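Look at the two complexes coming up: chain A is in both, with chain B in one and chain C in the other.
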Partner chain A sequence: MISDRIKSNLSREFRESLLAKVGLVLLVAILIMGLFAPVLATHNPHTTGYFDDDGNAYPPMGVSYDSHQWVDGERVTYTAEPSADHYLGTNNIGQDVFSRLLFGARTSLMVGVFGTGLAVLIGVPFGLVSGYYGGRVDDAMMRVADIMLAFPSLVLALALIGVMGSLTIPIPDPFVFAGVADGMPASTPLPGTVTLVVGLVTWVWFARVARGEAMSIRNEEYVKAARSLGANDREILLKHVLPNSLTPVIVLATIQVAAIILLESSLSYLGFSGTTLSWGYEIQQGQDYLRTAWWVSTVPGIGIVLSVISINLLGDWLRDSLDPNIEGEGGGAG
Partner chain B sequence: MSFGKFLLKRSLQGLVVIWGVVTVLFGLRAITPGDPVNLIVDPAVDQATRDRIREELGLDQPIYVQYVDYLQDLLVGDLGYSYQSSRPVTTMVLERVPATLELAVAATVIALVIAIPLGVISGTRRNEPADYGATSFSLVGISTPNFWLGIMLILLLAVQIDIFPTGRRPVAFHDALWTFLTTFYVGDLLTWLHHIILPAVTLGTYFTALITRLTRSGMLDEYGKPYVTATEAKGIPGVLIRYKHVLRNTMIPIITVLGLQFGTLLGGAVVTETVFSWPGLGLRLIDGINNLDWPLIQGIIIFIGISYVVINIAVDAIYAKLNPRVIDE
Partner chain C sequence: MSAETPPTSQPLVSVDGLEKYFWENDSVLDRLFGDEPVAVRAVDGLTFDIHEGETLGLVGESGCGKSTAGETLLRLQEPTDGRVEFDGDNVYDLEGSDLTEFRRDAQVVFQDPFSSLDPRMTIGDIVQQPLDIHDVGPTDERRQRVRDLFERVGLSVDQLDRYPHEFSGGQRQRIGIARALALEPEFLVLDEPTSALDVSVQAQVLNLLADLQDEFDLTYLLISHNLSVIRHICDRVAVMYLGEIVEIGPVEDIFEAPKHPYTEALLASVPRASTDERERDRQTLAGDVPSPRNPPSGCRFRTRCPMVIPPDDLEIDQEDYRAIMNLRERIERRDISLETVGGDEEFEFTDGSIPPADVDAFVDALRERVLDRELPARHAELVDGALAELASTDWDAAGTQLREVYASVCERDRPDLGEDGHPVACHLYADNECETLENVR
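Let's look at the complex of A and B:
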């Protein structure tokens, strides 16, 4: 597990690294944004329509946002500019961009963390078994990994979504039930298919790292000692190989959260999200209104970039202090 | 092991991977819920017609017969017919390859032209302002989703300042080149260039950032080695050392990473093509998925998988030529 030497290394590197601190502050801010979205948001993110300073309702009575209206060849929208009521304006159907930014952070972080968790659960056992047994088992298992790698993650994710369709799992909102978030949606939708799919397309990176670790650990003296004392393979894998290979897995998991946030945003930009409370979806919505409402696409993009940068900075810090030679997708854009 | 044997071994492994890709896609298509007949004709059509279509598609056969038929068709390059348009998928894939290839090549060229000098400067002037600039750029470049970057470029350079088009590809590169070679008319080539710049920058930024990082760390590693000190002691100018000796050794891992990242490049192309309505494979893949047009989805992804495998075998071959020690590992 994590030894005292590694701990002191981590804290020394952290004291010295300004970037790691910047990353941590940013990430904590984004976590608070996402976690407390129902409390911090000024509007229900689903509510369409707004009032101007004179109290006039938009859209006017009898006009629907859904029916695309054209006047003199221009698409008519009722997008509010940033104001005291709507800090970051509204989107093309009058929803509050600021509130949707907060809820979008929730979706991104949930998909990032759960998706990475799934990838670890599949990839690490796969890699450990492959590296520990070696030989033909390893050859066969690594061919499977090669097949996975021949698919670009985004492309395979799209194909899997084609198979599964868009499933959403509603997650109850603790703040709403505690009665502190009036007028907020009672649950946040977790895009279930997307979470499953991002785990299924990225586990192979964990398998490769775990395999490398298992290959070097299996020849260590303490493993030989354990074996000569009568420990079987299962005990050795669980008690010795797994704990000692965790460090690079933790580093990779950090970076993969960032990679998965990017992947989720790409999928929802392409229209395969399962939830509308997603930064990528919001950017796609705003693309048609760049001329009249630049903020709709711009704001959520800044959210993505800052989250990914903060996670990558922390990942760099972990990698520098623990210094395992690992490769991974990194923050693979797209 | 000789180089020929090494290449043969890698090619056989590649074939296994391609077989795996093909089989995974067959499996995905087979487990997709819903009746493909409904995607081809109106669901209200009579049972006799449905049965006839089912028979034409071979869907009345047991699954293993379908699988064998599918593999046999693939061997002769037959990817079947699109459910949506009834056109041969092989044609539908091949006609879209040039657009995606243009985009991928342009993005790679932009990435190499910017990233290598930037990485060299950054790596040789560690902790100077130029280095901080280059490392910040690569951090932001790696962390920016390319579709958002594309939209921001459209917002700034096509909407606010109207100097680039918002998308589309009015002319193919090979047509523009042909026009130029036969009539010396350069207009089509310029139109092509004008339209590809924003998409290529969008797709290339991630790679520019990545290669800058790799070049920088490669330069830092190489500079610690004794041969650099030796060449410096011989009085060879610094520029020559940097670009001729150190950079050349740094390029080997960069080529390997480029091969491995080829998939990311194609994945990025799917998104970039959507942003700019660039008529390549990616845009067609999205169409296919929206319509659950499995023959088309299969065809495009098989094509992507095969290109990935072939490119990586080529990279391994180059690597083995440059550094014969890997053959025996």
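Let's look at the complex of A and C:
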């Protein structure tokens, strides 16, 4: 399906574009972080508390930390030295921020990929059928899509979560099973409801793109030729319309992964994620301590920013090389 | 290509009153706002037969509905009205296995070899697709059939796994022909099969088509605007204008003794490499093809026809008559800007008319603008009378004055395509108009 011309376009655009390289490096780094989180993490992300030799807890703990205690009516300042044990400090309940960053990448990427996959599965067939048949069918189906578009996606997502409740699916961790990551959580929770909901609020974009493609492809002469050969609508849709409409869908999908990561962060920030191992949740946890422990919120925030930027950069690269006709910053999705 | 085809046998394809309209302003919103749907009469009542083994050419200017006719005939589009009989069955009534059968027997080769092949399929798959759709034989048999087809149309079998973009236009057209032949059809619609190709390749493809016709007993409907292609390959020719057939007949008759003024004009527009070209009286067609949204009444060619029939009691030179008809057309369409007559706001319109004293000057200035020739006194007088009505912007009165005197049979009645061996839809050839022909010529 990928022709030589497309391959050469991809590699040429990649060579010429610094941004594409930056994006790729960043995304690979984030993927490695997420995939190998149990191996790379220094602490179990759920373990709370950091105790000094005397058994005193010092949350939150940063690269350097002053704590104050009243001893005999006098204020005494203890300074905790930067700890080699916690690269990025701990959060307010003493959990290791670095380890939680790694596991948070898992959640974001899983929701981003699965949510986009779901949106593609709903939106592309919907759009292809709508655009291919046209007429009344198209009118009716696109009004449904318009109604979906009329809701702000965050509001719609909150409403859906409210209706469906929160469901998380524990995914067993192969590293822990293989015994290379002792002390790490045995499973990673996939926030099922959130994945479903982000899919349900973003499929419309895919439907619209697929519809536009189908509308132009159905008038192509090879579709007429197929019809004159006796192919039925299902064969034409699967054999001609679907393969030829995939390019813009792929480009949109990369951009939507980034958009969904943002949406998931917003949802978990608001506390609807269903898992605490999420960047948005971390930001929310740390916001009360921004003055004294900035890293608790900032580290996951940087995680979100970098992953969204890297995916968008790669999306631009794909768009430029797959479809040279679209210039500049387009998309408008998300 | 037999020169003479006896039209005695039962025709393979019989088209009867085929109509295909497209509708504009026909969406839910338009209906909501009360816009009337507008019919674009792409194909408006075609009737012809195609006999087994012959090649019928369908010729006409761009936009006259040739391709739509071809596609509707193959039921790639549903017709608005009419019937097409293929082997005795109405194509539009076919269902299930009968329709499948028809899809095997009737195939199409498209004009644009770049969009007629799916860019994401290998050419081997493209040619095999018809066999897959109709489940012909086991897989290796299909592969072998594809190889045979490739060899027959002059392509190398080594290239089966390549993609269409790796081929030239001529090669792609051969691939399209191989695909059309895969199911061993009886009837092929060739929709401008060579117009997208280089001249050097056109002849190769035409010769290939001719060879294939002899070899497989094919019947062709060749759609083209290229008269030399038509003459090269066709047995009979149907000339189309604005969705209608104006003339149909054996290729020699059409080319050597064209009857319809449109056919004559089409033939005259073909450049010829000859020294007497300079003396040839070239009747190039004036004006544009009228819109199929609102075709002219009566004979559709009358707005451009160099031989419009004047009323019996009128003595008038054809060119004068044409000038007056064109003027009337503009008046009826209100297609003259009265405010700018004379320039520099010479004539002031108050309440839609100019002061009576200025009328004569206005008529002179207007005539200057809208007529490029000196009319005989009698007609000049009539025309001036009509133009004077425009001084009070009375378009209807001006139109009516001209219509009463100059209305032609060509605009009143729609000419019928006759039944004989070389029928033509023109009032010049209607039975009671024989002497008119002499008058006009």
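The working rule: the second predicted complex is superposed on the first by the 291 of 334 C-alpha atoms of A that agree within 3 Å, B and C clash if a C-alpha of one lies under 4 Å from a C-alpha of the other, contacts with A are read in each partner's own complex, and residues count from 1 in each chain.
Heads up, the rule we're going with is that a residue touches a chain if its C-beta (ideal position, glycine included) is under 8 Å from a C-beta of that chain, and two chains touch if they have at least 3 such contacts.
Here the structure is a predicted model, which means the values were calculated and not measured.
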- Fit or clash for chain B plus chain C once both are placed on chain A? fit
- Of the two partner chains, chain B (first) and chain C (second), which one does A:Leu290 touch, if any: first, second, both, or neither? first
- Give one of first, second, both or neither to describe whether A:Gly301 is in contact with chain B, with chain C, with both, or with none. first
- Using the touch definition from the top, say if A:Leu18 reaches chain B (first), chain C (second), both or neither. neither
- Message: I'd like to know which partner A:His240 touches here: chain B for first, chain C for second, both or neither.
- Response: second
- Message: Taking the superposition on A as described, I'd like to know which of chain B and chain C A:Leu154 touches: first, second, both or neither.
- Response: first
- Dominant contact partner of chain A by residue count, chain C or chain B: B
- What is the contact status of A:Leu262 with respect to chain B (first) and chain C (second): first, second, both, or neither? first
- Query: Once the two complexes are overlaid, how big is the angle at chain A between chain B and chain C (Cα centres, nearest 10°)?
  - Reply: 70
- Contacts of A:Arg5 with chain B and chain C, given as first, second, both or neither: second
- Query: For A:Lys224, is the partner it touches chain B (first), chain C (second), both, or none of the two (neither)?
  - Reply: second
- Distance floor for C-alpha atoms, chain B against chain C, superposed on A, in Å, equals 5
- Note on the structure: The answer for chain C against chain A in the complex is residues 27-28, 71, 74, 76, 99-100, 103-104, 106-108, 110-112, 115-121, 129-130, 133-134, 163, 165, 176, 179, 183
- Message: Which residues of chain A touch chain C once you look at their complex with the stated criterion?
- Response: 1, 3, 5, 139, 220-222, 224-231, 235, 239-240, 243-244
- Item | Residues of chain B defined as touching chain A within the complex | 13, 16-18, 20-21, 24-25, 28, 31-33, 139-148, 151-152, 154-155, 159, 203, 205-206, 210, 260, 263-264, 266-268, 270-272, 274-275, 285-286, 289-290, 292, 294, 297, 301, 304-305, 308-309
- Can you list the residues on chain A that touch chain B in the complex? 143-144, 146-147, 149-156, 158-163, 165, 258, 262, 265-266, 269-272, 280, 283, 286-287, 290-291, 294, 297-298, 301, 304-305, 308-309, 312-313, 329-334
